[in-house]
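Notes follow the structure.
Chain lettering (A, B, C, D, E and F) follows the sequence in which the chains are written, and residue indices restart at 1 in each chain.
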Amino acid sequence: MTSDSFFHPVSGFDLPRFAGVPTFMRLPHVPPSHPRFADVQIGLVGVPWDSGTTNRPGPRHGPRQLRDASTMIRAQHAVNGMRPFEMVNCADLGDVGPNPADIQDSMTRITGFYDGLVAAGIRPLTAGGDHLTSLPILRALAKRGPLGMIHFDSHTDLFHSYFGGTMYTHGTPFRRAVEEGLLDPGRVIQIGIRGTMYDTEDREFAKSAGIRIVTIEELFDRGIPDVMAEARKIVGQAPTYVSYDIDFVDPTFAPGTGTPEVGGPNSFQALQVCRELYGVDIAGADMVEVSPPFDASGGTAFLGVSIMFEILCAMLSPSRT
Amino acid sequence: MTSDSFFHPVSGFDLPRFAGVPTFMRLPHVPPSHPRFADVQIGLVGVPWDSGTTNRPGPRHGPRQLRDASTMIRAQHAVNGMRPFEMVNCADLGDVGPNPADIQDSMTRITGFYDGLVAAGIRPLTAGGDHLTSLPILRALAKRGPLGMIHFDSHTDLFHSYFGGTMYTHGTPFRRAVEEGLLDPGRVIQIGIRGTMYDTEDREFAKSAGIRIVTIEELFDRGIPDVMAEARKIVGQAPTYVSYDIDFVDPTFAPGTGTPEVGGPNSFQALQVCRELYGVDIAGADMVEVSPPFDASGGTAFLGVSIMFEILCAMLSPSRT
Amino acid sequence: MTSDSFFHPVSGFDLPRFAGVPTFMRLPHVPPSHPRFADVQIGLVGVPWDSGTTNRPGPRHGPRQLRDASTMIRAQHAVNGMRPFEMVNCADLGDVGPNPADIQDSMTRITGFYDGLVAAGIRPLTAGGDHLTSLPILRALAKRGPLGMIHFDSHTDLFHSYFGGTMYTHGTPFRRAVEEGLLDPGRVIQIGIRGTMYDTEDREFAKSAGIRIVTIEELFDRGIPDVMAEARKIVGQAPTYVSYDIDFVDPTFAPGTGTPEVGGPNSFQALQVCRELYGVDIAGADMVEVSPPFDASGGTAFLGVSIMFEILCAMLSPSRT
Amino acid sequence: MTSDSFFHPVSGFDLPRFAGVPTFMRLPHVPPSHPRFADVQIGLVGVPWDSGTTNRPGPRHGPRQLRDASTMIRAQHAVNGMRPFEMVNCADLGDVGPNPADIQDSMTRITGFYDGLVAAGIRPLTAGGDHLTSLPILRALAKRGPLGMIHFDSHTDLFHSYFGGTMYTHGTPFRRAVEEGLLDPGRVIQIGIRGTMYDTEDREFAKSAGIRIVTIEELFDRGIPDVMAEARKIVGQAPTYVSYDIDFVDPTFAPGTGTPEVGGPNSFQALQVCRELYGVDIAGADMVEVSPPFDASGGTAFLGVSIMFEILCAMLSPSRT
Amino acid sequence: MTSDSFFHPVSGFDLPRFAGVPTFMRLPHVPPSHPRFADVQIGLVGVPWDSGTTNRPGPRHGPRQLRDASTMIRAQHAVNGMRPFEMVNCADLGDVGPNPADIQDSMTRITGFYDGLVAAGIRPLTAGGDHLTSLPILRALAKRGPLGMIHFDSHTDLFHSYFGGTMYTHGTPFRRAVEEGLLDPGRVIQIGIRGTMYDTEDREFAKSAGIRIVTIEELFDRGIPDVMAEARKIVGQAPTYVSYDIDFVDPTFAPGTGTPEVGGPNSFQALQVCRELYGVDIAGADMVEVSPPFDASGGTAFLGVSIMFEILCAMLSPSRT
Amino acid sequence: MTSDSFFHPVSGFDLPRFAGVPTFMRLPHVPPSHPRFADVQIGLVGVPWDSGTTNRPGPRHGPRQLRDASTMIRAQHAVNGMRPFEMVNCADLGDVGPNPADIQDSMTRITGFYDGLVAAGIRPLTAGGDHLTSLPILRALAKRGPLGMIHFDSHTDLFHSYFGGTMYTHGTPFRRAVEEGLLDPGRVIQIGIRGTMYDTEDREFAKSAGIRIVTIEELFDRGIPDVMAEARKIVGQAPTYVSYDIDFVDPTFAPGTGTPEVGGPNSFQALQVCRELYGVDIAGADMVEVSPPFDASGGTAFLGVSIMFEILCAMLSPSRT
């Protein structure tokens, strides 16, 4: 695999990291109207949207802060030596413009944007946005059939509804995705679940639908390699979505999020789970719930983009190419 | 005028200000289900809601931070010596529970709550919430006829719609209120307007409807007493709503807000305008757009409750009783 | 065990977590003057007091921030499925009003408040306050005989005096408690001790009195289950106090405290130690030294209430009922 | 007037401002044990103490932050050209060591330290500490007779007692000072008083004792020169103490304080009042209530030391020498 | 005057302000290599550089934060109704890449970049960078003869050298510019000078060279219109540079800067001085010393871009076109 | 070993930790001009300098914040009972004054200062400063021959040059040190290396020169004791420098640094590596890259001084004396 030099990021040896208009990982900004759009293979997309948030809003500011932090990312993976930007054409496709005062309109806009990526053969790596963002993305990506999913989170996001019947919130996307046939529940695994619970309605749904839930206690007991081997087995060789909610990570390592749960993985473990994705056929991925108003130091965003770089490398692992 | 001692706030001489469950101004918490609800004359209400925000969210956290800061408020006005809590029965009525993922449902809930206050003869002093909050409140308060309004803000909030037709945002409440007959535009004055402009659509509407706009330049040129005398003349002796957007104040004095505009009044002027409300028949009032995530020090909230105390005293000025 | 529905907390499915007057865990506010006070079984109490602090003050603001953060706590324990609020009547009893400028007066007030709880048969779960808070509480709880204690902390708090003879500071409460016969030193274990030392005076006292000290190195070497089994054996089946100083936890996970010591447990371990308290006869417990001025993000408080929820569940473990 | 070069501060042209062990205004550190102590004429002293604080503590950290910020102060006054450090021997005398857990012991220590300064003929410029700090200082300075006082503050600090009889808090120092004969009430003026009030007990005492209170409204109406001319007339040519509570300044300009009151002077006015002190016989002065935990940016401390520099110059004005 | 629609910024009515890759004022990103570069008339340029800083660094991060804040700027001036982006072709030209470890190399790079703008007939509006940034810009802009300058600042930046002979720092740029013949000292005015002084070396140079210094006291005494009329008279009708150091503004309004001086103009005055630039032939302008590490809330950057918008409008005032 | 009581630090039992002029670990301030300078055995030195920083500056403020945090350090090591200040004469030697606008001049000044320490027989423990600081120190310490080095860091700092040939940055010091013969590459080990990479140029140099690199993955796999045993073997019994870049530690535990890399050691491990230095002949040591502008809470500095105390104890381990 090799990429066109147009798509190579700017090096910190040439332009200091604090300089320049910040795009994701210092890649060229190639919105759909750009002449090189058709040549993009992996597109980094921002979805600045948090209208599905039931608690503390903020992820609408996520893409901008993630872009800013991403200028700290260099060209090569430290462990396996991959240089992803030289393998395939990567670009920052810009943000999908949401309607912050209309949830349905926003979902229509998002699905429309991703329909365009599917048509162009671009695999998306998304920076959200709250977790409801995954639903309109899946509506585009799953047009050819339900996907599997490896889902890192402290919550299942499988609830039926909130506040007396509201069905589209960041606590319900995967319930909807299963109902709409976007996900194959037998090929879905949720890892890192923890925190005090409202009740067991979400877990009962998971059980009846065949979704595998790995609690944080199980993850720590068995260890990451063992759990991730199970994850790879569950999703198999078919197309799979990777959804990474930053609140999977312990809130001390990732305070910039709206619904933290204490007692989670540290930053090394946050990277390790990604390094176990190699071999999975990743049709798309997202990093969601990064909320800058609760991340004064920017540390959460830097961890978020470090994870995005790991996922990007996983998207290029041998079995895929 | 005199009040029942049940409704007197706790004194900082007895219980330190940092102690106790924080209610507005350390008043008793008297939700509608409380046996003393019928005896309340002025009710302080929180509306923790920001779904109409087009830019930076956060005002849903406003009521809680305002309650916290309000424990710094003492019993007596420093200049005129009024002791409002000993004049009428004041209470913290709690928060209206919004549906953060459904704007119309939230507006229905808010109007319903205020219908109950109107029925009970309670005048409301509201802590928002973004500025869309004023619309469902006005729907309840204006049931007996359109109100006048004195509106402190850096924006007119008179736009027709956003994002290709969305009609309910924090930039449109008073356009809707005029259209719905809740406000008498000839008795409306907006004070402090400034900042770069999209276009002149809002100002043209104001002009055609007869709404008086006082820019910040005019306010500073003429001085607060002269402008406020005009305001009192415009609203006359009929029932009037007072809506105070914290972004009326310069963002250095009130950074905790979502759409700041530099070059506004200082904190002394922020109080002075309230002291010129005496004599107005205030049917209700609000303090909106206080956004804790952008107010790390809490200074905005403390200014906000200091203004609320001033408005409370104005609600008790002689002409009213 | 079952509880009266009056004592059930408000659910986040009904009222968003950011809404409402914040009480501990969204429980009803039932001060001693409340008609349902006599029905309370476990009382959550705030002691906003830090006059014993020798270094950086702030815990007087702890109860309010802990209440605020506690609205994030839901109804059910994630691992064992306990729903504590449905097992016994829990309530927020409000704050004890201290005298911030008089240590002895404050201790008298605190002991008086807890005498009332003992008389009413209410077991207290306290939110401090600096660690001197534990002393006046123990004076009430140990009226029928000395208690055992499981004490999580980075410091022993066993010093004789400070600044040339001052005997009541947050570094001396348990020295006084042993001297006053409130604790049975042979049934006391202190876990997590670390940090640079003044001298060995405190450790020599512990040794001579029979208090067991487990350093952080021993805790990490042996592991939490082994050390906690020893703790349960030391306190046995007799009534025991649990005192949890937030500085037991590593300051990266709990920066909001006055005398941090690096190199401590992470947040998962912070919860795990509580899950090993099951079976202990807990006569009362406290969470102390949470200092909001050093916890800008609120993460320390959220960890603090997460620990309080764990302790609450431990207070309801089978052997007790 | 000329000074010994030993007492000249380090210049920012020689050593960058961020370098070096921070002393007040980069002066030599000359504690009482130092061989050059007897040669000091004006001594800058820290009193890191806040045990009298009834609300939010923090001023115990004031001296250190003020020292840090003071490395930004240069050698010459911008308007009148005075170079104070070349006129008299100035030095940083270090901090008085308080007993944070014993108010009476701390006051004894403070008075003892200042007795030593009086004996050595050193005029003190103090960095507090909360406002109770002024009382033990006055006990030393007023040994030869009661002093006049020019007092900048938003509060009178003239209350009788708090919390049911506690007589030594930061709200009572000047009540005690008048009672103890340390101040001549007929030569006392308090400027800037504002904020909501508990009651009128303090103002009635002032009136009966003959203390002049200038509210913020009067200050703004008459202007600084007119009010300060009255102040100079009230204190006359006899020895006078200057006490400057940072909460005199509007909290937007000085957020780092425990009991802010909105609607105060800006930073230019904060300096102007000092420039009107020339000609007053200043026996000593203090800058109190600077509270670093509420001043994350350090701006309050920088304003505080800028004011201290102005007061220092006023202490050297012609009539004095 | 009219502009090409390619150069119109994105409206907040179409794309929410928090969305999109942030360029200055949401203008198109047109670096020198871009095909439309030759059509640009006014170019907004970032110079992320602070190697000349003698005190607290940070302005290297200024351009990025200013871009971020600038998405809050709308299309029209509130007072005079100008819509600058529709009058001339404006664009974000990107950043000049400095060498943070080599001052001379960086100055060469900066001058080279601006030489290109001069050659293309583009007038620059620069976002610095520390104040040394102005020197290499002036080297390019003054190629056809010395410029006049209107300089807003609290410091003269006219010193000869620092640290024993270092001649290129942010305290010396205009001394160098006069020496190099880039500025005509008789057509230079510096406004807002204040703060404690090292000595009078800079002011003596100004006096001997004929540079006019207006202290903050003179500015406040005479008022902005009068001083600015003098400024316009001094620079006359010949090409003039406008240099705006954010520390001209009071540090409470603009804390994000490295060498603050208290007692300066407020935000309204900060805008007013720009509105008095109309009629000046502005050959270029800069906004320097915005330092994000000291501006946690972003308020300084928002004020900075609000000022940049005012200067941009002044650059289009009638006399110029 | 025993020390002169003049060199004993002030105890927190006598003077509260927040009081006093802050020196390193409350030791006496003994600059080279001080009469007791010749008696110092271990000197704590600040080098407030960051001109070699290619990314985010700030370490010039490190020494002051480290001094401030160091007042929390007590007299005795918790695990081994060492009381270092009673073993040898330790002192705070003050700061080396750099020239922030001239790298070569600064390096000359630093080397000159350390030449003086070598001449006086004082072993230095330095608080930087960015990592370029180590180079001029090594120039002084290695005068008698190349040193070994144990280097904790996430980066190798072995690059040839930046920005087209700039050879003196914080990414190049050890490349230069090897080239200049200051380090014996065969006796150098770098531990903790991680993060995305520009390329492999640094690692190839290390390999060719014989420098041992231990990645974070190897450190976690083998464990600290095993890796450190190898480190001790590599450096052997000859004089060795210890260089500790705070970015060795995970940025959640040490956010206050300019070039963080996620996935590093926690605070307990950060101390543990130092406890494995016993027996090494430490000729000098440094703690670098602590950057206060990115460490709002001060936690990084407190961790930094906790590590410095560990290193200090290691410098006194038996084999050395």
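In this text, contacts are C-beta pairs under 8 Å (C-beta built on N, C-alpha and C of every residue); 3 or more make two chains touch, one makes a residue touch a chain.
Every value quoted in this text rests on a predicted model; they were computed, and no experiment measured them.
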item	value
Same-residue or different-residue interface between chain A and chain F, half as cut-off	different
Chain A and chain C, separation of their C-alpha mean positions in angstrom	39
For chain C, residues contacting two or more additional chains	14, 16, 18, 54, 56, 60-61, 100, 162-164, 252, 266, 294, 296
Chain-chain contacts as defined at top	A-B, A-C, A-E, A-F, B-C, B-D, B-E, C-D, C-F, D-E, D-F, E-F
Residue ranges of chain C touching chain F (in the complex, touch as defined)	54-56, 162-164, 193-200, 215-217, 220, 250-252, 255, 259-260, 262-264, 266, 294, 296
Chain A partner contacts - residues on chain C that touch it in the complex	11-14, 16-18, 72-79, 81, 252-253, 266-268, 270-271, 296-297, 299, 302-303, 306, 309
Contacting residues of chain C [partner chain B, same complex]	14-16, 18-23, 29, 46, 48, 60-61, 63-64, 67-68, 92, 94-98, 100, 296
Contact footprint of chain D on chain C as seen in their complex	50-54, 56-58, 60-61, 99-103, 105, 162-164, 166, 168-169, 293-294, 296
